[in-house]
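Going by the order they are written in, the chains are A, B and C; count residues from 1 in each one.
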Amino acid sequence: MFAHTVYRTFNTDRRREFVRITDDVADAVAESGIREGMVLVSAMHITAGVWINDDEPGILEDTLEWLDKLAPPSWKEPANEVASDLSPDPGDFRHHRGGEDNGDAHWKNLLVHHQVVVPVTSGRLDLGPWQAVFYAEFDGGRDKRLVIKVLGE
Amino acid sequence: MFAHTVYRTFNTDRRREFVRITDDVADAVAESGIREGMVLVSAMHITAGVWINDDEPGILEDTLEWLDKLAPPSWKEPANEVASDLSPDPGDFRHHRGGEDNGDAHWKNLLVHHQVVVPVTSGRLDLGPWQAVFYAEFDGGRDKRLVIKVLGE
Amino acid sequence: MFAHTVYRTFNTDRRREFVRITDDVADAVAESGIREGMVLVSAMHITAGVWINDDEPGILEDTLEWLDKLAPPSWKEPANEVASDLSPDPGDFRHHRGGEDNGDAHWKNLLVHHQVVVPVTSGRLDLGPWQAVFYAEFDGGRDKRLVIKVLGE
């Protein structure tokens, strides 16, 4: 068994952003030299996620809008009644009592999940034709780390 | 380390459907001959998922109904006010500008997650007594692939 | 490749509870003796999850409240209009026809996801500074099992 570990740091301009990282994952596999195995791609922060989906701008924008309804931020007006009802009942996140304002990003981390595992077959990422890997930033504007761990032979 | 890769293709009659695949996963492990390791079970499409839960028809029907409220399709009437409020604000998915109508299936992929990892212990799937593995189709009626990747020794 | 498997049983006092298990996972890795690899941490029940997030009481309480809106129990009054609208349309879960009352816990399992994979680098859990591992109980008060599977070298 061979292991290869790569770290990537993101500092997005926007507070929320999908960053395509398929090539970073493929590069880590190429560097590792493995032919068969898997790659774990995992955010090292509690306010970010990793999503495998379509690299199509419309669905990415749809998804950020939708996540703001399901997991509403308290630093801007709720998008509508549902977002308002899904907001914390004390009026703001209990989490914000310590001075934070990113409670919604913790919830988005929960919904999106913070990691994926990509199979490696014959030395290549074994993804379907439309599957792209995205780092999903929900509280950007500062350095955030991601680990890419390749295991195989 | 030993690797064994199996692909399965699904073409469901219904647009949305849970298909039990526990035996497919167990068969892949048996074919691999490993005693200790893990199996990655991963949808190769961006409009499907994999869920480990109860093989009880009631909860599966409850869940499909609920997913249509949380991640509402635009090709049928919203189930209620919440589904209407969670729909995209432009009136339809931005994703549909290219002629698609499956934006909701991308969101269901996000909620359900597209993959699971099942531990293998003493040559068997190390699942709890009620855990069954399901392929979760959200945009069926055409060929969709799933990869089962066994790794271990 | 080396494999090490540990089972943990939880019997929480409260019906819903986050139980921090980072040390259990780290102990399993230490016992295994591996330096490089990964650990799968997976609930063996269909009404529990595993979440990696912040060990901060506010966000954990926020999250349990929020999950009760997104995945509303039928054994207590819906928290508000949204929770009421997201409840099953037959009036109660179809799943409850068999005498169960934990349909909401199956949905919370779906949202939180029942497992995580933690990378192991240089013999240690390769987590970010704020990442803690939690067993997420959604239907407690009875024995529930979790498997921790370490793989590596």
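Quick notes on this structure:
In this text, a contact is a pair of C-beta atoms (placed from the backbone, for glycine too) under 8 Å apart; a residue touches a chain by one contact, two chains touch by 3 or more.
Since this is a predicted model, take the numbers as computed values, not measurements.
With angles rounded to a multiple of 5, the C-alpha fit of subunit A against subunit B returns 120 degrees of rotation. Residues touching across the subunit A-subunit C interface largely differ between the two copies, under half of the numbers being common to both. Between subunit A and subunit C, the centres computed from C-alpha atoms are 19 Å apart.
Touching of two or more other chains is recorded for residues 1, 70, 81-82, 111, 113, 117, 151 of subunit B.
For subunit C in complex with subunit B, the residues that touch the partner chain are 1, 3, 5, 40, 42-46, 70-71, 81-82, 85-86, 88-89, 93-98, 103, 106-107, 109-111, 113-115, 117, 145, 147, 149, 151. Partner subunit A is touched in their complex by these residues of subunit C: 1, 36-38, 51-54, 56-59, 61-63, 65-66, 69-70, 79-83, 111-113, 116-119, 121, 126-128, 130-131, 151-153.
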